[in-house]
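Naming follows writing order (A, B, C and D), and every chain is counted from residue 1.
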Amino acid sequence: MAAPLVTLSDYEVQAREKLEPGSWAYLSGGAADEFTLNANAQAWQRLEIWPRVLQPLCGGHTRVKLAGRDLAHPILLAPVAHQRLAHAEGEVASALAAAAQGAGYILSTQSSVPLEMVAQAMLGDQERGPMWFQLYWQHDRAFNLELAERARAAGYEALVLTADAPVSGARDRERRAEFKLPPGIESVHLQGVPPPTTHEAATYCGGIPAHALCWEDIAWLQARTPLPIWLKGVLHPQDALRAREMGLAGLIVSNHGGRTLDTAPASARALARIADAVDGQLPLIVDGGIRRGTDILKAMALGANAVLIGRPLMHGLAVAGALGVARVIRILRDELEMAMALSGCRTLADATRELLDTPTGL
Amino acid sequence: MAAPLVTLSDYEVQAREKLEPGSWAYLSGGAADEFTLNANAQAWQRLEIWPRVLQPLCGGHTRVKLAGRDLAHPILLAPVAHQRLAHAEGEVASALAAAAQGAGYILSTQSSVPLEMVAQAMLGDQERGPMWFQLYWQHDRAFNLELAERARAAGYEALVLTADAPVSGARDRERRAEFKLPPGIESVHLQGVPPPTTHEAATYCGGIPAHALCWEDIAWLQARTPLPIWLKGVLHPQDALRAREMGLAGLIVSNHGGRTLDTAPASARALARIADAVDGQLPLIVDGGIRRGTDILKAMALGANAVLIGRPLMHGLAVAGALGVARVIRILRDELEMAMALSGCRTLADATRELLDTPTGL
Amino acid sequence: MAAPLVTLSDYEVQAREKLEPGSWAYLSGGAADEFTLNANAQAWQRLEIWPRVLQPLCGGHTRVKLAGRDLAHPILLAPVAHQRLAHAEGEVASALAAAAQGAGYILSTQSSVPLEMVAQAMLGDQERGPMWFQLYWQHDRAFNLELAERARAAGYEALVLTADAPVSGARDRERRAEFKLPPGIESVHLQGVPPPTTHEAATYCGGIPAHALCWEDIAWLQARTPLPIWLKGVLHPQDALRAREMGLAGLIVSNHGGRTLDTAPASARALARIADAVDGQLPLIVDGGIRRGTDILKAMALGANAVLIGRPLMHGLAVAGALGVARVIRILRDELEMAMALSGCRTLADATRELLDTPTGL
Amino acid sequence: MAAPLVTLSDYEVQAREKLEPGSWAYLSGGAADEFTLNANAQAWQRLEIWPRVLQPLCGGHTRVKLAGRDLAHPILLAPVAHQRLAHAEGEVASALAAAAQGAGYILSTQSSVPLEMVAQAMLGDQERGPMWFQLYWQHDRAFNLELAERARAAGYEALVLTADAPVSGARDRERRAEFKLPPGIESVHLQGVPPPTTHEAATYCGGIPAHALCWEDIAWLQARTPLPIWLKGVLHPQDALRAREMGLAGLIVSNHGGRTLDTAPASARALARIADAVDGQLPLIVDGGIRRGTDILKAMALGANAVLIGRPLMHGLAVAGALGVARVIRILRDELEMAMALSGCRTLADATRELLDTPTGL
């Protein structure tokens, strides 16, 4: 008999048993020695919550505003690639779960299901959260615009440009496992397109890439798409300020789940600095290491407007398809409610820096 | 042959062998990932004592004043629920032990023995310490007052209102063990009353609670009971100041033994800040992680007037009933005397902040 | 075939194999949870040496002045009790080794061999270091004076008064092992005298001791003995200043090898503060956790004039009697020479605070 | 089937399987308790990189200038002794690999192959990096000059004087393994010369050495050789300033791979301070613990002009001879390119202190 699935870590344990070792290495591994991967979760854990007691909690809720919408809670699903690795229904299942739970959804360029199918699964739900499309910039500018337009036509409401992967990271665990996408799973939107990062034939990395996404590309795209553009993968406050100046819709503070540059700072650390820099003038979503409701409460207290979950959605998907993803979202939301009640926050607006204490140097 | 029972940790080891796994998970587990549970003990351990030597120790003792009484030592038993889980005599046994050892006693609302029976066990002892009743606030205000009056009538000398559990914490270890109270053990004072925290049917947490204890409820109760009111579960200095303004009898600085909000600060850390804030104008008891006489000495040096022990009383109870609890109290007291002698404190008034050094950031 | 005995830790490993478990628990254990025991060694290890290169080393040596004498090196043997637990020749063997290696020697009141026999073993050696007698103060003042006089008559050149053991510590490891001195080993100087610390019959600790050594006792003894008096077991700078005012010969900064008050600071930490306080006006010996030549160099850089080794002498004794102790001293001295050469110190006068760096908070 | 060789640590694992235990102990061990050995790698790991995104990377490269030459990348091979322990071709193989990969090469005085043979292997390659000769100073001044002249005649372009080994360190792991050079491997340049460090007969260390290399010896050599002189083994900023005043060619900041003075600071820590002190007026190479491309990027950001790798070259050599060394260099260079691209550094001139953040106290 399986152990009860009480927390996200229970889903992780069971997902590991269900997945092929190569897929597990791909999904769970990080770059190099995985310092950043581990730092992401630890940074949330080390932040202390100094709770207030006996506050009036009547009418309390987890609602937030994001991109002009009212959301039931601040949880969005991250644009994880190749979701059919975890379950035959792939991105369709996770989109159904997101819609049912009122979570936002970001579809990866590297989806294993066409973006229109995913949109269909989600658009019918009145309670759904935002639905966005993540874009890995390709060398052919026109192709990017076509893909953005296709996403818009299908109902996606924003574009998410990934900034932190001009080359792939050294994902050594994955390379040691000699992971390859199994037959039948592919990046359906990139058929016939060279992969988004440079792997030249003779060498491992093959030189600094000449055509990676730049600020100018973003301006070019801004001028050509009506969709708001979010930038994902920013850690440095100076880059956040530039994004604000360019009029981007918002930032996703992220280190790509520890999968690109190892020893980059934990996303919680970067969030704190970026929130200080942008001073409330740019919406911020944070990504990386969120595994508990208390983590979400801390993210909001540091200045985030919402959070992404990546690997946990894949764990839920592997364990029980759409139902598993829905449970993962629900557990987090329930834990968030508990954390709010136990710390005296009636709404998430009550979660400010004063709730936290950072003696461990975050 | 059993190993000798020399320290509280020896009792813990033997208690684990005696208890059912589910009861052990319930008793020893904390909320979520148990960071706060572990931080409680570690915070005491990391504080350094800088001893003075060659001080006159003649006439030294461990006596303290608390709530207008002279106590032989500053140890009180915490209001642990369901003590019959550990021993058939439950709260009666622990009360007998407390009385015999001159320790204070706080009975839980969730006692498995009627409060009158417990009072009878204790009141006959001339050397007994204070006897108080802990109140988990129920939605029906009148019920609370009736219960308080019943406690007063039975001889309880103060009420302890628990402030840090408007909802239950995510006690995942307990949930994974699928713990349930065994037949014959129940909260005898809450027969027919809904449990003090909200667990709605369809969901895990079920929304922010609308009727949790608030500051206004306390003022309401103050106006209706002659008993002094202590507030348990406060960590934030601002809440401590409000309690002082309201004229409460004192505070129990506590994070509920790490059982409610995980990543809340260790109680030693909160004690230090609260003692600074209230500046001697409010009696302070500290709860959480006290396992050594040196821990008690440090608590007094930080500004506590007394300490609670929770899990250790259950360990003593499980190992040897009343005798086990008495031995646990005695070990702590003996260790406290040793710590005082070895650090040059003739009385606990000599334990001030200057005794400590906090390089590790407490 | 035994592994080569290259370092002090190799002797420790082999000593453990040779000794009875009870003796090992007595010898190697510390008070309570052994935080201070472990902190002693770690504090030395964590100090960094910032070496200077290319310094002239011609004529370099390890000599120091102590108590008006020139010593070949700054190593003294600590007053460890009951040395016949480790080897049949006990203190006679360790004294022979000390004399042969030019190390100082401090005999414990709790010696298992009469002080005259130990003196005879040592006094014949022209190269010997200082020979002192450690005094555990007894309730009968006259007895102490008689013992001091007996030591003086036998050739001991100073008294070492132990200040940090008004009661025994909670040596839980030893108590769990139910250690007792084996037949034939006893404190030969205390025959018929009650033990130096208070263990009353009915209880474990039995109350704060009324007759422990005080500053007044020291003044009383000073007025009656011609021997210089060292004070052992001081950690607090204020106590160091008082010792200086009283005209004591010097201090042994020590926490009793972590055997009395657990969570007292590492002796390296206390040394740094005491050296700052006394400002070169009082000779300082440090005791606790010295296991490497680099540790000695750091102690000198912090302000010590010499160091004690305790457990390592017992390890050498257990492994190979006098020869083992001699090797232990020699290894330390050789390591000290290496450390000096590698850090650019021609003599120990070159070891100043500038050699160190304390980013880890010592 | 062997696991794939993806990172330097994979080479380390396989090298351990190939080498005799004694050789492994000699090669991988450090001094004493190996604190410095471990600190070297950890110091690089703990530095955080705060990446910039969306920077123009067109034309990016890893080139650096060093000693008046343009190098393809900043990696040099450290002067590791006795390379035939790892592979029959020894230093010839590593020199071939260095030349093929454009890495610099420093030959040890304790080479197991004559310096002329090594030079022949390297000089034919047009893309080779610098080729230098490391000199362990011998007591006979004239011998040193002869050896320097012989190196110059063979084509070596600089001398590297080792400053941090006036005596050998306490390499306890090696001594416990009772390592001796196997028959047929010897220091071919030191035939008939006493070993460079003092091991006198009767004792382990044998006193402070009288004839170790001093600043005056360096001035003497400077006046007699046309070769530029680098100083290796400097950690203290004051020594760095003196080297600058003397007009030395540059410094190799190093603690001898943790093999001489244990608890000396990590080389990354020393680099940061020395770079501050010399303020760009002296070329700096850093040595110790470099295992990742991110480590190299951090070294450059702290102020290094190039880096050495020591043990990794031996791992490559043991696993696959020249090819293994070439792969090790290539992996590091590829990782460096990735780290640059992922942190927004088009060239290494973009790697400045602003790239780093040192909350952990480096």
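Just so it is clear, contacts are C-beta pairs under 8 Å (C-beta built on N, C-alpha and C of every residue); 3 or more make two chains touch, one makes a residue touch a chain.
Quick caveat, the model's predicted, so the values are computed rather than measured.
Under the contact definition stated at the top, no chain borders both subunit C and subunit D.
Subunit B maps onto subunit C through a rotation of 90°, based on Cα atoms and reported in steps of 5.
Counting the residue numbers that touch the partner chain, subunit A and subunit D have less than half of them in common.
Here the CA centre of subunit A is 42 Å from the CA centre of subunit D.
With centres taken as mean Cα positions, subunit C sits 59 Å from subunit A.
Touching two or more other chains at once is no residue of subunit D.
Here subunit C touches subunit B in the complex through residues 32-33, 35, 163-170, 172, 175-176, 178, 203-205, 207-215, 217-218, 233-236, 238-239, 260-265, 270, 361, going by the rule given at the top.
Every residue of subunit A that touches subunit B in the complex is listed here, in rising order: 3-4, 6-7, 10, 45, 47-61, 292-294, 298, 330-331, 334-335, 337-343, 346, 357, 359-360.
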